[in-house]
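The same chain A turns up in both complexes below, where it pairs with chain B and then with chain C.
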Partner chain A sequence: MDIYLVEAIINGILLGGVLALLALGLNLIFGVVDVVWIAYAEMVMVGMYVIYWLHAYYGWPLPLACLVAVIGVGLLGILVHLLIIQPILGSAPINQLLATGGLLFFLQSFATLLFGTDFRNIGLRMPIIEIGDIFISFSRLIAFCVALAGAVILYFFLSRTHIGTAIRAISQDREIMGLMGVDERKVYVITSAVGGSLAGLAACLLVLQYDVHPFIGLSFGPITFMICVLGGLGNMIGGFVAAFLMSQIISVGGYYFSIELSYVFAFLFFIVLMFIRPQGILAK
Partner chain B sequence: MMTIRWPLALLFAVLLLLPLGLQDYLLHMAIQILIWGFVYTGWSVMGRFGQVSLGHGAFLGVGAYTTALLWNNFGLVPWIGIPIGVAFAVLLALVIGYPCFRLKVVGHYFALVTLALSQVVLLSIVAARDITGGSLGMTPNSVGQSSWLALQFTSKMHWYFVALAVWAFGLWVWVKVDRGMGRAAMEAVSEDETAAAAVGINVTREKLRVTVISAAMTAFGGALFGQYQMYLNPETLSGIGVSLQIVFAAIAGGMYSLLGPTVGALLTIALTEGLRIGFGTTLIGAANTIYGILLILFIIFMPRGITGFFGAWTKRRAATAAATT
Partner chain C sequence: MLSVRGLTKSFGGFVAVSDVSFEVSEGELLGLIGPNGSGKSTTFNLIAGTLKPTAGSIRFEGEEIGGLAAHQVCHMGLARTFQIPRPFRKLGIRENVTLAAYYGRHGRVGRDEAEALAVEALETVGLPSDAATTTEGLGAAGLKKLELARALSTQPRLLLADESLGGLDVAEMDQAAEMLERIRTEKGITIVWVEHIMGVLMRVVDRVIVLDHGEKIFEGLPADAARDRRVAEVYLGTQH
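And then the complex of A and B:
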């Protein structure tokens, strides 16, 4: 078998882990608050800049910088909810999507204002693992493992804690839960914080592999929404399947054709699947 | 009726005389406002009925690139190239729109499908870099002089009147849609699709009708903008960025009134230019930072846009005046 193809498949799996984590955070907010944060990938960009700043500029140790990014973007998530989403919760759903679109412009250009359009790298060189003739980037492997660990932690948070149960309950029936004594607003804030933290975690993993620049959000933001919708609302397993399907299309398609064309295939795949299975790929 | 027509006639008279007193730079801005005003009006033809498309960048790109590629590679003049480009955009709108409307892909899902479409067009243009120049963009071959046949003008004055005519045509289309029976049908559809279908409205056909009109106008505007700029860039003519820009300008101006989208174009272009002059290039990004904040504020406080906001305000004042006398 073609070893380059094997490499492409493995890279696809590793990419799928990070995409799955991103889709998970977005899915959580989408499922609970019923809002699409179109600026989700831009929040990841903010996290990446925080890490770059603290680590490469101020010389903080990387793990500490990552921790600050996770907490910082989590707080940003709360701010986004309180300042932008909460005032318009009652209006047409599309307005909330558009308001976060305004946030997208804001974050992108604010980053340009602060850092310019240069590509910045935290300057970390990770070893490359060699198995037989196949080369695997260590940073991608770490990203994959951490993303999986993050997903498992989220799973236990949602299934084993009291507040996690409330979050899941609200995503199933928001009217009844209010009557059951669950404070919706509190749950929304916590969900936004968790969703934000997941974006921060994704930032830690992406900053190991990619240069950060103000427009990086555009390169994986759209694909994240597609994965989130393909997986089906509130369906975590579906989100995982969709993430790995899309990452394989991108990775293997990139090997056979070009990276742009592989994204074209991924988006077309999304459009076609929306027509065939609008409830998500794993819907009954 | 008369109350609407007089100010509009006055506006046109002013716009016809306007270029006589403008320098080239201001004329350049006026042309951009008219062309983008036309595109935003095109978007609002479907947007005002709750059909929020984040994919109009796709139609813009198809219109502009088809026209320019046919001209550069086959020497087809824009008079033939633009209709072909518009036809492609309409075809694309039908291919995506028909299954969407048939299978009831609405709201968030419709927005995301159209978003995917605009990315498909953007990435296809970049991927076909051998003929489109990829992300470096492309330049239509210049004939070096003003030519009606090639739709290239060295003087801004020519362009101003071309843009003005197209913009006025856009307003005419908007009014046609506004006054037609289709409007009542589409309003019913935007309120409740199932109920609309139950009273005998062919929901799919009504939606397709406004989508096709909207896509055609957007493609036309894109082709014209490419012709005017004599430079096409995939990032500025397709993809998520310009798609969101279209949506925001139309919403900020007010998509429910005739001149709303044009006010949106005026506002966004004046703001961008004003901030560019104010801050110079040292503060690159400042304009869009303020722009982003304004958009959020608009959606929270003035979801019907500037024209909608002031329209309601004048109506309230008139009502109180009538009540007190």
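And then the complex of A and C:
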């Protein structure tokens, strides 16, 4: 088998992990609060800037900067919910899309105003691992492992804790939760915090591989959103599978043609599947 | 224990519940009956906090609960079941009940206690209490039981049972009536039982309240209700 193809497939798997993590966060929020955070990737950007400034500028150790980013974006998630989502929870879905869409432009412009449009890099050089003739970037491998660990932790949180059970339950029937003594608003706030923290975690992984700039969200936002829709909005397992499908198309397509063309294939695949399986790839 | 005074709920121009007053004393098994659309379920929704009253007061153990959020009412020890069971389909039977036990009466209980409460409630209603059983195999009667188990596991002092036993056969209705009676005597839980068919209910309740078009038209002993002219009119008019 072609060694470069193997490398492309491996890179696709590694990319899939990070995309899956992004999709999990967005799906969690949608599944529970029933609102799409269009600005999700911009929250990742905020996390990347946090890490950049703390680590590269103020010289904090990277793990500490990452921890602050995870917690910080988690708190940002709570703020987004309380200030933007909660007041319009009962209104038409289009209003919620517009409101979080507004947040997207706000965060982009705010970042541009504060930091300019420079591409900033935390200046970390990670080794390249060589297995046989295959080269794998260590930062990608770390990103993949952490993303997977994040997904596993989220799984146990949702399946083994009472608040996790409440989160899964509220996504099925929000009206009757109160009759079981569950304060619906609290579940929303906690879910938003978890969703935000996942964006913060994704920021830690992306900052290892990419420069941060105010429009980095555009590189990941649309593809994340597509993955969620492809997997069935709110369907976490579907999103997970879709992330790896899309990343393979991008990575292997990039090997055979070019990376730009591979994105065209990914979007084409998305459009075709929307006709065949509009409810998502795992829909019954 | 529960004191409802002048309870009124209107949706726009439609008055679903109009100036209804009644008392429930501790340990009682009270029947609340009336034909479809008479305001029984709306009354329940108002008491349980699912709807906010337009006017009137609801006092539970001396405290005003009208207009409180559903989870606050639940924490005070007042639980309800739904006419149409609404289990969380993607959770297992026990998980459904454990969730209610954990967040129910006192806000929070320990993990082990929540599991124990869930198992106890499931055994009371006669459903499997292992963690693996899903809600898929449950028929109408099974879903009713699950609904009841979920309410019981919140450790209520007052249970509002919306049993409107449509979809059950005669044996299942008897079984349900017997179960409510048993819950009252064994667990000391006060019960208000909503129903639109009079038969089974009349045999077990202490007292009965009859609603029609959102108004209370009768309150008293089941035997007297059977002889009451207005009650007969309402039921003869709609049932036959």
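By definition in this document, the second predicted complex is superposed on the first by the 282 of 284 C-alpha atoms of A that agree within 3 Å, B and C clash if a C-alpha of one lies under 4 Å from a C-alpha of the other, contacts with A are read in each partner's own complex, and residues count from 1 in each chain.
The definition used in the following text is that a contact is a pair of C-beta atoms (placed from the backbone, for glycine too) under 8 Å apart; a residue touches a chain by one contact, two chains touch by 3 or more.
This one's a predicted model, so the numbers in the text were calculated from it and none came from an experiment.
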TODO: Mind working out whether A:Phe106 is in touch with chain B, chain C, both or neither, as first, second, both or neither?
DONE: first
Open item on the list: Taking the superposition on A as described, I'd like to know which of chain B and chain C A:Tyr155 touches: first, second, both or neither.
Closed with: neither
TODO: Examine A:Ala169 and indicate which partner it touches, taking first as chain B and second as chain C; both and neither are also allowed.
DONE: second
Task: Superposed model, chain A: greater residue contact from chain B or chain C - done: B
Open item on the list: For A:Leu268 in the superposed arrangement: first (chain B), second (chain C), both or neither?
Closed with: first
- [ ] Quick one: classify A:Met226 as touching chain B (first), chain C (second), both or neither.
- [x] first
Open item on the list: Contacts for A:Asp183 in the overlay, against chain B (first) and chain C (second): which applies, first, second, both or neither?
Closed with: second
Open item on the list: Identify the residues of chain A that lie in both the chain B contact region and the chain C contact region.
Closed with: none
Task: Footprint of chain B on chain A - complex, ascending - done: 36, 84, 87-88, 91-95, 97-99, 101-113, 116-117, 214, 218, 221-222, 225-226, 229, 257-258, 260-261, 263-264, 267-268, 270-271, 274-275, 278
Open item on the list: List the residues on chain A that touch chain C in their complex, please.
Closed with: 162, 165-166, 168-169, 172-173, 175-184
- [ ] Over in the complex, which chain C residues touch chain A? Could you list them?
- [x] 48-50, 69-71, 73-75, 79-80, 82, 86, 88-91, 95-96, 98-100, 102-105, 107, 111, 114, 150-151, 154
Open item on the list: Please output the residues of chain B touching chain A within their complex, sorted ascending.
Closed with: 50, 52, 96, 99-100, 103-105, 107-109, 111-113, 115-117, 119-120, 123-124, 126-127, 239-241, 244, 247-248, 251, 283-289, 291-296, 298-300, 303
